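When the chains are written out, they are named A, B, C and D in that same order, and each has its own residue count from 1.
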Amino acid sequence: MARVLARRAGGPRPSARLRRAIGSRTALVALLALVLVGLWWLAGAQGVTGQRLLSLAVRGVMLGGILALGAIGLTLIFGVLRIPNFAHGDLMTWGAYLALFGLTLLPAGQPLAPFSFGAELLLLLVLVMPLVGLTGYLLDRLVFRRLRARRAPSVILAMAALGGAFLLRSVIYLGWGADFRNFYTGRPRPAVELFAGIRVRPDQLFILGLALLLIFLLYLLLERSKMGKAMRATADNADLARISGIDTEGVIRWTWLIGGGLAGAGGVMFALDTQLRPEMGWWLMLPLFSSVILGTIGNAYGALVGALIIGVVWQTSTAFLNPAYGPGVAFAVLILVLLFRPQGIFGRPGGA
Amino acid sequence: MALLTVEGLTTGYGEMEVLRSLTLRVEPGRIVSIIGPNGAGKSTAMKAVFGLLKPWQGSIRFGEREIGGLSPDRIVRLGMCYVPQTDNVFPSLTVEENLEMGAFVLSGSTKERKERVFDLFPRLAERRRQRAGKMSGGERQMVAMGRALMLDPKLLLLDEPSAGLAPLLVDLIFEKVRDINASGVAVLMVEQNARKSLELADHAYVLVGGSNAIDGAGHDLLGDPEVGRLYLGG
Amino acid sequence: MERMTPKHVDDPTGIPADAPRPALLRVEGLTKSFGGLQAVNHCSFDVRAGSITALIGPNGAGKTTVFSLISGFLRPDRGRVVLDGEDLTGLLPHQVFRRGLCRTFQIPREHGSMTVLENLMLVPPDQLGERFWNPLLRPRAVRAQERAIREKALEVLDLLTLSHLRDEYAANLSGGQKKLLELARTLMADPRIVLLDEPAAGVNPSLMARIREKIVQLNAERGITFLLIEHDIPLVMGLCDPVIVLNQGTKLAEGPPAIVRGDPRVLEAYLGGQHGAVDG
Amino acid sequence: MGDAALAKSLLLALPLAFLAARALPARVPWIARALLGAAAGWAVAFVVALVVPPGQMAYLVSFAIVGSIYAVLALGLNVQWGYTGLFNIGIAAFFAIGAFTSALVTTSMPTGAAAAFSQQAFGLGAPFLAGVVAAGVAAGVLALLVGGPTLRLREDYLAIATIGIAELVRLVFQNERWLANGPQPLRGIPQPLACLVRDPGCGWLPPPLAALFDPLAPRDYPYVYLAIATLFVIVVYLVLERAIRSPWGRVLRAVREDEAAAAMAGKDVARVRLQAFVVGAVIMGLGGALYAHYMIAIDYTHFDALYATFLVWVMLMLGGSGNNRGAILGAFALWGVWTGAAFLVDLARPVLAAISSDLPARGPYLRLLFIALLMLFILLYRPKGLIGEERFVSRDSQGRDG
């Protein structure tokens, strides 16, 4: 009832028909398309070439892949456990720094041309993902589980997540300090021409490929495996899941392992593309939440779509806007979505 | 020996007492119906039996075993399944996946069990890949029942299976309940539709104000003017 | 206590008290569906001014949904709600409240960590002190009004015999006491019509007798019209006239309690669920 | 020396007098309470100013100033979260906008050689109070813009939107050189009442009073600012107490407790929430102004989520949300822990060095670790904080006649 009320409250309302039209999925998609066209037009007006715009769009897709890794985990945790996980960005950072730590232990191998990294990073990626997942699960065992037992409202869970975020960050600060870091220093990372003058770095192609692979694996898991189906069932209706005999503890464990694991991979990928900073995950949180809400909370495929849209809009905006404003652009998209269709692209009307 | 024996059950929500020393029995292989006016505590009785509410007093025995205070997931493993009145399917899962979730506690293939459910509900077999959220109310009810049958329960609890359905579908659902029972599953159901459920039930209890008022064979109660009085007072 | 005097006792038209009074609340063709489920379906009925009208019907008949549609918590797909000639359709709950319609909830909704007295003092509309700056700029006026509101709240508590609980946290009240608190809150608003959702549910018999007595008293002394959903049929039969029977989201029957009880369609609706309503 | 102590003690007396007056029982007439409080406060202040060595005194004063600024922020958050249940994790946005607005309004446009190094959108050279008012207005307008679209949605959306606005505000002040000197600090923010410690003295003060402050040297300015900062806290506290204990506060709490019931009691829930959000934000904006004029030079790094948002949250939760005294107590207590922990970290330096050579330099981050753990601890084991919410909040709703 409170939700109903919250949604209904607010100034004079247009007619039901107009409201439905404004809040429709088509309208939102059209609006986003309009935003994109507007960005391109703005860029064109400032003399940016079509080629560069296309390059930016391709880079946007790549960035969207990284964001998707974070956003999918975030939306799963949101959907299954009802936790707005404000620690998710910091889980990504955590993953990146764990990989950095691994690199200092392992002997540096030859780069796998044309990429800038060696096989050791791939190995570390495989190790880091479960570790980040376990970190998330540990946080759940120590904090969220107790709050759930007390039937704490979602705001309290969000606050605990915020505490978890700063806890993780403090560990990162203690372990590595506040400076910028790189996985590899002094390795050239030239961009190569893909086709039609579109230039990207080989690393970025790898990142996109890896993101797609992980998302495909996740798809298989959610659609084919028993645990994946149980996760979707729990997201649909946790009470019914419990009375059907679904092992909800197992679902919780797997949700953290998968959500955290994807976040860890996303963090490593983001750090590979840019650099490592303790605050990077915090800054990514806005694009992550924007992707999740755009693609409807709890919908893993929606999060992927949302992340791709945010990635492309973000990159395209750099054609004429200071690149530092990336998270700000994501925020602008979020506000548009909240104004017109808070339940996101794939939500049912009134489902926000 | 009775499959389910409830004796002197008293419980409620918070400090609100809803059931007052309720007593009922379900024999193996029978259909038992609980009817009664609104607010009599019918659904609450179901929830208490299935462990969704802790009993304050009294006992609930399933076979030999006392199950009062056990959690629902333990009770499921003992062979009792429950179909809630509303929100009883996973809307984003397909029909087939819904059924699989019913058999979550089992390891190994569930194919055979699914086929048995599909035999019972041919309509579901046709729609096995459809998402449950897109189905009509009657079909959802069948999905929910099918999910509960996946574990081959000894006792099936149905909470108002006909609620919100069009008349034709109500007949269909009651027919299905009969079929389920014919396959050897005992059924304990709460029903709004007193007449229909009395026609079906081997035995029925009329609940008023949280306690049993009268009980008897379904057909006997059907003709009993006392039942009508209990509903509309007087 | 000018505010305490009932405003609607005397019918301005001068029609004798026993003549049928005009409808205070009129519901016309109300329709609402939730994702394919038709909860309320072309539901129409009138509530006479000064009456205690009951809304009964089997589970799932749409009674609470009708309440929510009338009080602005839900927006009808079709149909109108008219209070004393004024169209309320589509207004928000607080706007409906300001036109003199109050409702209670089936499961009482109280402000748990506020005291009983605070729960009541919250209700009166147009409080000066509700504007942020008034307590700072016009403290005297605000305090004077607060004193008046407090007096009134104490009177209402007295009337409903809740005085001994005034400093208790609302969350600590028993289920029945919370029901009384809900009724008390509606009285703080000087309502024209009060919608009570299952006032008897979960209330022990002696407290119920008191609630019932208060409803009769308020109706007689202050001319407040009541519309109540209730499952306790004996209570309804003794208290209400007329009784409106809802089935499958639409009105099935209406009339004095004795007539309604004897109506075979009503018994059929209760016993036979939906079947009784076909072409009813 | 004694003369300086007298002047300092006069400045220090304000918060102490207020505390003393508050501590006296309510049945003493207010005029007597004021006089007694003033006397007691001044006496304590005088002794303190005489006895405590100047170095430690300077430290204590700066501690109290920052504590006061945090207290203002915590009071603002208390209106939003403590009384209304609004989850704002973008305190930094309102804090920053207040600070920069007040700075721009009160500084003058750089001229001559300085103009080459320092840019700003405008500089009005207005007095301190004008800057304060502008800071509150700017933060309030920002809150309207953020709250309008999000407050009617589910509660987690507000949290995300406030993170977003905090991020955006920080980005703008970091990247827009023309606005407030971009990544470089915006300098030259005037110190209010600085004339008290300067040589010619304040022209507008009556000569005997001016003579009283004569012994103060420019390095004693923090004493002046402490008086200003504590005055802020006292005024904000008194205004909020009055508002919270009035029907306004009652409506806020009603909305927090149960939205639907509040709506059915005729309250416009959306408006109430927006009001509370704006009032809280205005107070945070005032806190920003207070901060800017203390720091003299500010830049975007001062407004990151850790210092400007997270600490404030832990302060409020530590003190007790839903209680204004709790907010102030929490601010000073946590600020004490935060600064005190620095000493402990110093003590632990050898141990840290033994673990890793990098660790001593990162020691300060141990404090963050500790604060994050503290927050989780409070959430899990002591959700009400040090002092929970009061039982009787409305002024006139107590059982006894008052």
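Criterion: contacts are C-beta pairs under 8 Å (C-beta built on N, C-alpha and C of every residue); 3 or more make two chains touch, one makes a residue touch a chain.
This structure is a prediction, so every number in the text was calculated from the model and none was measured.
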- Pick out whichever of the two, C-D or B-C, is joined by more C-beta pairs in contact. C-D
- Item | Chain at the geometric heart of the assembly (C-alpha centres) | A
- Query: Using the average of all C-alpha atoms in each chain as its centre, how far is it in Å between chain A and chain D?
  - Reply: 34
- When centres are defined as mean Cα positions, the distance from chain A to chain C in whole Å is 48
- Could you check chain B for residues that touch two or more other chains and list them? none
- Note on the structure: Among chain D residues, those touching two or more other chains are 258, 260, 263, 268-269
- Query: Which chain A residues touch at least two other chains?
  - Reply: 1, 5, 9
- Per the touch rule above, chain A residues touching chain B in the complex are 226, 229-230, 232-233, 235-237, 239-247
- Could you pull out which chain D residues touch chain C in their complex? 239, 242-243, 245-248, 250-251, 253-254, 257-258, 260-269, 275, 279, 389, 391-399
- Please name which positions on chain C make contact with chain B in the complex. 36-37, 58-60, 174-175, 198, 201-202, 231-234, 237, 261, 266-267, 270-275, 278
- Message: Residue numbers of chain B touching chain C in their complex, please.
- Response: 12, 14-18, 37-39, 136-137, 160, 162-167, 170, 191-196, 227-228, 231-234
- Touching residues (chain side chain A, partner chain D) in the complex: 1-3, 5-7, 9-10, 84, 86, 142-143, 146-147, 154-156, 158-160, 162-164, 166-167, 169-171, 173-174, 177, 279, 282-283, 285-286, 289, 293, 322, 324-325, 327-328, 330-331, 334-335, 338-339, 342, 352
